[in-house]
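Note that the chains take the letters A, B, C, D, E, F, G and H in the order they are written out, and that residue 1 is the start of every chain.
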Amino acid sequence: MLKAAIIMGSDSDLGVMSAAAGVLDHFSIPFELKILSAHRTTEAALFYAASAEKRGFGVLIAGAGGAAHLPGVLAAVTTLPVIGVPMNANSLNGLDSLLSIVQMPSGIPVATVGINAAKNAGLLAAQILAVKEAPLRAKLKAYRAAMKKEVLAKTAKLDKEGYKKYLEEMK
Amino acid sequence: MLKAAIIMGSDSDLGVMSAAAGVLDHFSIPFELKILSAHRTTEAALFYAASAEKRGFGVLIAGAGGAAHLPGVLAAVTTLPVIGVPMNANSLNGLDSLLSIVQMPSGIPVATVGINAAKNAGLLAAQILAVKEAPLRAKLKAYRAAMKKEVLAKTAKLDKEGYKKYLEEMK
Amino acid sequence: MLKAAIIMGSDSDLGVMSAAAGVLDHFSIPFELKILSAHRTTEAALFYAASAEKRGFGVLIAGAGGAAHLPGVLAAVTTLPVIGVPMNANSLNGLDSLLSIVQMPSGIPVATVGINAAKNAGLLAAQILAVKEAPLRAKLKAYRAAMKKEVLAKTAKLDKEGYKKYLEEMK
Amino acid sequence: MLKAAIIMGSDSDLGVMSAAAGVLDHFSIPFELKILSAHRTTEAALFYAASAEKRGFGVLIAGAGGAAHLPGVLAAVTTLPVIGVPMNANSLNGLDSLLSIVQMPSGIPVATVGINAAKNAGLLAAQILAVKEAPLRAKLKAYRAAMKKEVLAKTAKLDKEGYKKYLEEMK
Amino acid sequence: MLKAAIIMGSDSDLGVMSAAAGVLDHFSIPFELKILSAHRTTEAALFYAASAEKRGFGVLIAGAGGAAHLPGVLAAVTTLPVIGVPMNANSLNGLDSLLSIVQMPSGIPVATVGINAAKNAGLLAAQILAVKEAPLRAKLKAYRAAMKKEVLAKTAKLDKEGYKKYLEEMK
Amino acid sequence: MLKAAIIMGSDSDLGVMSAAAGVLDHFSIPFELKILSAHRTTEAALFYAASAEKRGFGVLIAGAGGAAHLPGVLAAVTTLPVIGVPMNANSLNGLDSLLSIVQMPSGIPVATVGINAAKNAGLLAAQILAVKEAPLRAKLKAYRAAMKKEVLAKTAKLDKEGYKKYLEEMK
Amino acid sequence: MLKAAIIMGSDSDLGVMSAAAGVLDHFSIPFELKILSAHRTTEAALFYAASAEKRGFGVLIAGAGGAAHLPGVLAAVTTLPVIGVPMNANSLNGLDSLLSIVQMPSGIPVATVGINAAKNAGLLAAQILAVKEAPLRAKLKAYRAAMKKEVLAKTAKLDKEGYKKYLEEMK
Amino acid sequence: MLKAAIIMGSDSDLGVMSAAAGVLDHFSIPFELKILSAHRTTEAALFYAASAEKRGFGVLIAGAGGAAHLPGVLAAVTTLPVIGVPMNANSLNGLDSLLSIVQMPSGIPVATVGINAAKNAGLLAAQILAVKEAPLRAKLKAYRAAMKKEVLAKTAKLDKEGYKKYLEEMK
């Protein structure tokens, strides 16, 4: 099975990015998790991405904040799909990071997810790998079904208890 | 080979979205192109996305402007990867569309590309399908090599001519 | 009397959205309150909105954060007025949600209120239902009169006490 | 039948706001159209709104650009639903107007539609009046059905002609 | 001597707006401080502003948050200078309030100061009244001189102590 | 009578700023109009503002675009009221200029008007000078009355002609 | 004398970036001008920057639009000062580019100038090289003096002609 | 060796700006640190910058928040490179400060770094002075090498421990 990689520029991003790892674990997708900065370890980051296909990877996830160049720079040296996770790392609420990742020039796309949405990045990686891996598709459908069930259970509970009691219990 | 779908909410989006079709044509990826609105033809849009996997699709591309719900709504009813193209369709320069597409709730990712970046959406679709189709990967690498060659040719020309003459010729 | 519905995508929205319920309770407007997600329970959400008119509803209130598709998607399948409540649910302060709700395409309006303004959504629902229900109009006027009285009492108190003492007492 | 009012602050808004009038005409809803400024004719604007209910109006539509106070000020003196249309009237692309209209204080809601979305304001007015007028509801459903049919016709045409020919014909 | 008025829409604004009162007190400028809402007590607010000139006022200060109509609405009914104080009252950081106040239509200016800058509003009121009152001008110059002296004392202290000790002492 | 000054950083601002001059002319307020840049002619700009009071000025108007420092820098060296006009001079639509002018530090206010609102700056200057000059107050009231009359004439015309004919004639 | 380099990602940037070349020509600073993309020719761009110091360069200027990674990526592989020029290349008015360039992570600064401000980038390069080259400092002072003279000549002309005639002549 | 100056408008900026001092200390670059406001001590600030070259300075660093005029005003009176540090000092998250600093008019550049990025300002100052001082260049390279080593050590540790243990230890 193809592997996924999760790359972040600093270990301060690990608290957010570990949610992607959690999803990959959930779906039994093999993965590597690396701290590699586009600016502080440029060569190592480029080498990692450029050799990823040969090493059996099918998709890369990269998270970065501020002037977030990591996803785009990795995407420049591989044709594997690169998923970018903008991170809310400073006073601008992640807007700088979002624009730095999503507005890539023509020719080099980055598949951008929401700000701090590392969990969705993991799910998107699974959806992409499932293009090749049929059993993964089945697991994704089960995951969706579970999400749906959970929402319906909540609305049923709300019907039964009323919103005042429901709110009480959430505290 | 798995097919791609390109879906847009209005034919006024076709001028931009046809760039995705052009890329898929370039890579000989079979595709369908549909006008289906999340709001005006909700059922038809949902049915199309929900049945896409069975009909042999591997990836969906959806473009929309303003309060751009189409990519997210399609993503809700399929586990195929959905690529969202925010479109600059009104006075807010596409920012409304970008945020409406990229900031999806946990559980339902959309792989967002830049504003009006339909060409990159086509390339990302190709990169995703190449997870399964090795020959497509080779074509993507050739495409990248051609882009690189083009840039290097331009800088060589600039060296030779100087910027004043180069600018003259661009007019 | 026509009923109102309050729908939210997640029970994490209940703390804010319960203010709409409080207003409806105040005006003795019968209502249902549901947790139904546009993305996680698409069919159930659509079915609920599409059948609302037949079930005796006159207006829907829908709250959502981030890429907030719920109000627009419900509006797509009913001609009842749909009131959208943008929610401040992530780092972008509700701006993403506001734009995702208010910038609807031509043909499918959503009556948008301010960010987190669930109380105003409840009042707007009452104002809309009062188009048919004359006694509700009278109650709305009384509500306004009470608000006015409260402000005038405060300015009278401020005149009497001076701002230093008034501030002291607010602590 | 209850009437609708369309109020704008300046005749420079008429080009945009006439789309609301067009919709009301389509649905045979009686309406008045007035130029009344919150700042230049404050008294006249307030008097108009305050007396609207007695004069047989069921809903008000108000459009304004920049620091757009008109919808909120009218809403302050009537309990009829007031629909606000933010207008793109200066260099800030309508964002100033949107925020000036939608972010109303607690107690006085304005039902805000998208920037320059006067057509949607007309439709929302019709949806609100249809709470009382059953035949209007039927017309609204027919209107939706026609929109749906139009989109489906376009996608059928696109299927038949291919995107290149379709684009050619749009020029 | 002409009086100043400080008007705010809610007593929740008093914590910020009292800084304007503090400045007026410092300069011995007589003033009134009122809680009057543009939306909840429209008539009373308009009456207050419209009669202000006759009652001996020379300048009005109005503070409001969100869709902040108060300064503009007061400015509409008086030709006295109106100073607007945008307030940071919700999730949008005062940007909504700033745009709602500063972007007034042609013909009705509001002299806008920074977000939450009630102290500067008080100073601007003093600068405006000093157009007529020479002794106030002298006091304003003394105030400026004191500010200057304070900054120069701080830089002298920093020179002497070094930044590490200075920072220590600030804790 | 006290004079007004209009200062701008570049003659490219004259097209916009001349509207302030037009208003001052209308009210027969004596004024000077200068091109003085905060950055290119710092000393001359500071000298002009610092000596303005002695030279018989009562108010300064300063317009600038981009990183618009001119109003704030002039305000730093005089206690006369300084009116700032943010200008839409580059790709950021005047937002940079607005924030550069309005967000002044505590102690040095600038009375900011809307983007490109030079006409309102002229009116505000007149309103400020009228604190001392009673006849100017009367002229301001007449100006307001004329504006009101103009709006009421337009709405009367619209009533008479209907919006279709009115729109025709505007072309 | 140390050389300057001007690097841009695409020849579509040449129209703007040539203003930097014009300034360097004016100051007789030797320079190279290259088209090298961070994403399409990553290796060549990195090699160019990494070897710049040895090849006799003292400063680099890099311009890019959208998700503008070029200045930051070059800065990552050299300790020469890198000046970044954000470019207004798409619907977001250069804001994406500005944030992508200026918000660099700790450790790798980019000296950012205004949007499209290639001329200022050339001047800043000259100011930086003048740290070592005294004659360049003298030329910079002369340049400033000429700018000042030009502004003062314009204000003198305006005094003489009046604004109406001056505006006439600008047409 | 040429000196650096660090100037800030208020001692409330010292907590952030001291990071620039720390970097200069690290590289043994002599420096002065001053509190001088563009608005409260205009003359002193201008005199300081205008005389800096003669007093042996090679570069100035200026930090300011809000309508941040200090860097631009200093840049206006010296041809030494001026580095601007936008500060997050109020509710607008530093965006006002960033735009007030970076969007300088043509002719007077400010080398802008990220919001609150005083450390990067110190590094940029060192990179600029290293144009003349070869030993400083060597120190900068060592600094970069240390940063790189630190990142690589972290990724090695992460490889060894796994992300769960790593996260545990970060708490």
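Here are a few things to note about the model shown:
Here, a contact is a pair of C-beta atoms (placed from the backbone, for glycine too) under 8 Å apart; a residue touches a chain by one contact, two chains touch by 3 or more.
Since the structure is predicted, the reported quantities are computational estimates derived from the model, not experimental observations.
Note on connectivity: the fewest steps through touching chains from chain F to chain G is 1.
Between chain A and chain D, the least number of touching-chain steps is 2. Annotation: the chain C:chain E pair of sequence copies touches via predominantly different residues, less than half of the used numbers being shared.
Each chain gets one centre point, the mean of its Cα atoms, and the points for chain D and chain H are 51 Å apart.
If you average the Cα atoms of chain B and of chain G, the two centres end up 33 Å apart. Inter-chain centre distance (chain C to chain F, centres taken as mean C-alpha positions): 40 Å.
The distance from the centre of chain A to the centre of chain G, each centre being the mean of the chain's C-alpha atoms, comes to 36 Å.
Within chain E, contacts with two or more other chains are made by residues 10, 37, 40, 66-67, 90, 92-93, 95, 102-104, 107-108, 110, 114-115, 144, 147. Of all possible chain pairings, those that touch are A-B, A-C, A-G, A-H, B-C, B-D, B-G, C-D, C-E, D-E, D-F, E-F, E-H, F-G, F-H, G-H. Every residue of chain E that touches chain F in the complex is listed here, in rising order: 2, 53, 58-59, 79-81, 83, 98, 102-104, 106-115, 117, 119-121, 123-124, 127-132, 137, 140-141, 144, 147. Across the complex, chain F is touched by residues 10-11, 14-15, 18, 21, 33-37, 40-41, 44, 66-67, 90-93 of chain D.
Of all the residues in chain H, the ones that touch chain A in their complex are 88, 93-95, 114-116, 144, 147-148, 150-152, 154-155, 158-159, 163-164, 166-167, 170. Those residues of chain G that touch chain A in the shared complex are 9-10, 37-40, 42, 46, 65-69, 72-73, 75-77, 90, 92, 95-96, 99-105, 107-108, 110.
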